[in-house]
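One chain, chain A, appears in both complexes that follow, with chain B as partner in the first and chain C in the second.
For the complex of A and B:
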């Protein structure tokens, strides 16, 4: 019986191959689309509920005063506080987009233990004023930085008083193991930032303060206390846990996740129709065979199984193909999406889901002709022209 | 002698279920392609189609957009005073300083977005005479804690109806009117420049806009080799007191939308090529089955004297017709999306832009061309196989 299934698949190598490949292509696409959504969510899952972020109540566009740091640090339960300021510069060309932040070097590693650097890098970053650290993905993109140790960044938002680029010296490369902390950012020292801009109009403010808290601290109380402290200005703030802060970014993307789901649904419909079409063709051609099987005394169930097994084999084969394609292309795609979408990765559960989808498509596509084969009268089937 | 097309059309009709499934499958692919195109089209027409050639945008040199540009207030004023190209209105030069930032506001359907806020001076409304229309309530009073909101925000963002209050830092702003604009301003909140600056504790505007006298050559600072010599842009780039990056508003909007526009184009292209492969394979499958079911007919055609070429053409056309039907089905599926409003984050400004799907003639044409390409790619090989059969082979196989 199984041999017949196999023979039937082999007898139309082109059609079988094409069907499997088209299922594979579709599942590849579904893997990618799903991964875009899951990558966004993984940042959320990895975000810590025990780190707090203080930002302006208006938005991230608006700075908060430097003087707040000391006052926030005094709140009971705060372990460390680090300030971040968006630098908004670029390397050589505006198209080379990546984030740069001025931070407190000593606090940075305390607040973010998941950011790993070697000891030499850490020491250099802590002691040398124009030192910076860059993420591993960024270092791979611009190998000349590692070679020369120099990184000139044009300050679009904060032009250097000299009119030239800001010259940073590479202390080393960091590697983050957490999904919410990408490896495509440059960090430099706040003191260099502040002193360079001294006397250049408005003194720079702080973008956000990030704090880690003592174990067992009452986060809700701390949030209320911090927000209350600055209630009457000069700048009101909001204090969120890191996970809520991250969620903000995701909701800013608006309807994009919904569009991706729509596209995925369209892809699914298209492969389902294609697979049903292919299986209907196979079913039509094998009506004669089904007649013979039934005449020989095989049950209706066997006839049903004949077609559904073919369909399943084709689609599972396609599924494996699609998953293999996605797995093989994951690294180049991550690199290609680098600037717009750092940290892209395909979750294992996405592969599992893709495998499940291929099974379901196989069952659904096979069910239509198999159902016909189940019901067909043996005499009628034998009368049909064989392939 | 050619084979009449009706032969192929009829055979498409005879194989109803296969034809319908293929048409729908290709239709789904074309619909998605058209949907992404419509999104891009909506975005591009909303923003870049609307910029004015006679309005100049002045940014700080080196700035890439409004968010990273800043002028000191006195220097902004000086800039306006020292630029004779600016047209004179009844109350002085037609120039206005504007500040721009975003405020995180809750959406109606949950989550929150960065809503663009713009502080303007009264001359802005003179420059934008006819462009900005108050559709509900009234304009804000200069110097008062009042704002007007763009029409596209009222149904998307909370507290954006006339009579509501938008809180910014410690200042409550009263919403006194709703305005409409054919371009991007319809998703912004506008208020008084000085009130906004005070609220933010900032000293100066982000940009200056001005209506220029007719005949002024603005120049494009982002052009290869810099702005044309003698243009306003070239002159101000090297100004010793208030250097500025100047471009026409049209040019400015183009440069601001490049990133999101590029992302959407890339998405459309990537999806079209990957899904296109799937659709071409489906078409090949259908055509192969159609041909193998008609092997005997091909044998007969060949043996009564038809040359292989007309047979090739006949099946090739059949594939094209099949895919064109799919293209039409796809366009029909995409049409209901026309006009649906949506919003996403513009990577250039990190704030939300609202725009509508735009399924226009251009999008539909591109979708049909796409289906035509699918038909050509899907029909080529099966039709070649069909016409290469020898009559005896074909008749025997049947």
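For the complex of A and C:
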């Protein structure tokens, strides 16, 4: 019986091939779209509810004064405070895009324990003024940095007073296992940043302050206190937990996750219709064979099995294809998505879901022809024209 | 007197067409002895195929009793009927009804999958059956690569592969030329004589009917006369 299933499938190599490949491509796309959404979500899930972020109440893109740091640090329950400033430079060419931030080197590792560096790197970053650390993904993209130890970054927002690029020296590579902290960023020291620009006149402002808090601290009280502290200017701020901050940051992407889900659903419906169509054709062609099988003494269940198995084989084969494609392309896709989607990865549960979807599509596509084969009267089936 | 192989009593079969009811078989009564070769003749539309399908359990009657190979078909559900068919009846159709994607050998092996035989035994039995019908050298051909006569002989090999008691043949020579038809008829006669198969063969061809031991006439849903030939003659 399996031989008959198999021979029916290969007797229409083009149709079978197209059906399996289209299921495969669709599942690949679904893996991809789902992973974009889950990558965003995992950043959100990993984001800490016990870290606080202070930003301008106007917009993330508006600076807040340097002088706030000391005052915030005094709030009861704050453990460490680190300031971040978006540098917005580029390496050699504008299209080599990645994020760079000026940060307080010493506090950085206190506030973000999930960022791992080796001791030598840490010491160099803490002691050498023009040192920087880069994420492992970024280091892999620009192997020359590790070779030469030099990273010249052109300051697009903050040009170096000399007119040349900022010359950073690589202290080492960091690795973050947390989904909310990507491995594609460069961090350099605030003191270098501030002092280099100070010669030009005005000291730079701060993008955000990030603080970790003492265990058991009353987050809501601290938020209220910090926001209240600067209520009368010079710049008003808002203070959120990191998870809330991340959620808002993601919501700046608007309804993209929802939109992606709709595309995924659309793709799913399209392949389902395609697979149903292919299986209906197969079912019609094999009606006569079903009549023969029943006359020979095969049961109605066997007739059902003949068609549902073909459908399942096609769709599961397609599913395996799509999952294999996604697994094989995960690394290149992560690279290609790089700056827009640092930390892109495909969850195991996404692969499992894709496998389940291929099974469901197989069952759904085979259901009607298989049920028809089960029900059809033997004499009528024999009257049907054979393939 | 031994129990007949096929016993039909008060058999009625109607079809609904549009608003009309067409009574194809009307209180038919018929008995067929084990090991005999019957030809069933009658005008087109007289219900020959209908009767054959009922006897073979492919279709169910509106009323009446059908006892075939010792089994009362009315008492079997769909699945039991299928199993009963697999064990007791071999079909040969006018249009051969081979499965196009399978080779001759695979077609013959197909009903054997419903038996407890091992794969090797199935293969051997299929080959034996194909050799019996003279197609030992065509086993790996697909139906499309065979002539009509050869196709019908594959179908006969398939019908006898499981060694059923009854062979039901619906115009088995209807699509064949004279020579191929003769070969098929020779085979059926041989199956009847050597292997004691009970055969019921529908035919329009009086020459074909002559090869059977008895000729049953069907007209307007009623059984006509039954002729008993001289015991069948194997050709040449």
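The rule is short, and it goes like this: the second predicted complex is superposed on the first by the 370 of 387 C-alpha atoms of A that agree within 3 Å, B and C clash if a C-alpha of one lies under 4 Å from a C-alpha of the other, contacts with A are read in each partner's own complex, and residues count from 1 in each chain.
In this section, contacts are C-beta pairs under 8 Å (C-beta built on N, C-alpha and C of every residue); 3 or more make two chains touch, one makes a residue touch a chain.
Nothing here was measured: the structure is a model prediction, and the numbers come from that model.
**Student:** Looking at the overlay, what does A:3 touch: chain B (first), chain C (second), both, or neither?
**Tutor:** second
**Student:** Counting only touches as set out at the top, which of chain B and chain C does A:294 meet: first, second, both, neither?
**Tutor:** It touches chain C, and chain B stays clear.
**Student:** With both complexes superposed on chain A, which partner does A:280 reach: first (chain B), second (chain C), both or neither?
**Tutor:** first
**Student:** For A:44, select first, second, both or neither according to whether it touches chain B, chain C, the two together, or no partner.
**Tutor:** So A:44 meets neither chain B nor chain C here.
**Student:** Touching A:219 in the superposition: chain B (first), chain C (second), both, neither?
**Tutor:** So A:219 meets neither chain B nor chain C here.
**Student:** Who wins on chain A residues touched, chain B or chain C?
**Tutor:** The partner that reaches more residues of chain A in the superposed model: B.
**Student:** Once the structures are superposed on A, label A:384 by its partner contacts, choosing first (chain B), second (chain C), both or neither.
**Tutor:** After superposition on chain A, A:384 lies in contact with neither partner.
**Student:** Who does A:99 touch here: chain B (first), chain C (second), both, or neither?
**Tutor:** So A:99 meets neither chain B nor chain C here.
**Student:** For a test of understanding, state which residues of chain C touch chain A in their complex under the given definition.
**Tutor:** For this pair, the touching residues of chain C are 53, 56, 58-59, 78-79, 82-87, 89, 91, 93, 97-102, 106, 110-111, 113-114, 158.
**Student:** Can you check the complex and tell me which residues of chain B touch chain A?
**Tutor:** Checking each residue of chain B against chain A gives 17-18, 21-22, 24-26, 28-29, 31-32, 35-36, 39, 60-64, 67-68, 72, 101-104, 107, 110-114, 167-170, 200-203, 263, 271, 274-275, 277-279, 281-282, 284-286, 288-289, 342-345, 347, 350, 352.
**Student:** Residues of chain A touching chain B in their complex?
**Tutor:** 14-15, 18-19, 21-22, 25-26, 28-29, 56-62, 88, 90, 94, 154-157, 159, 201-202, 232-236, 247-248, 250-256, 259, 262-263, 266-267, 269-271, 273-274, 276-278, 280-281, 340
**Student:** Which part of chain A faces chain C closely enough to touch in the complex?
**Tutor:** 1, 3-4, 7-8, 11, 288-289, 291-301, 377-379, 382, 386-387
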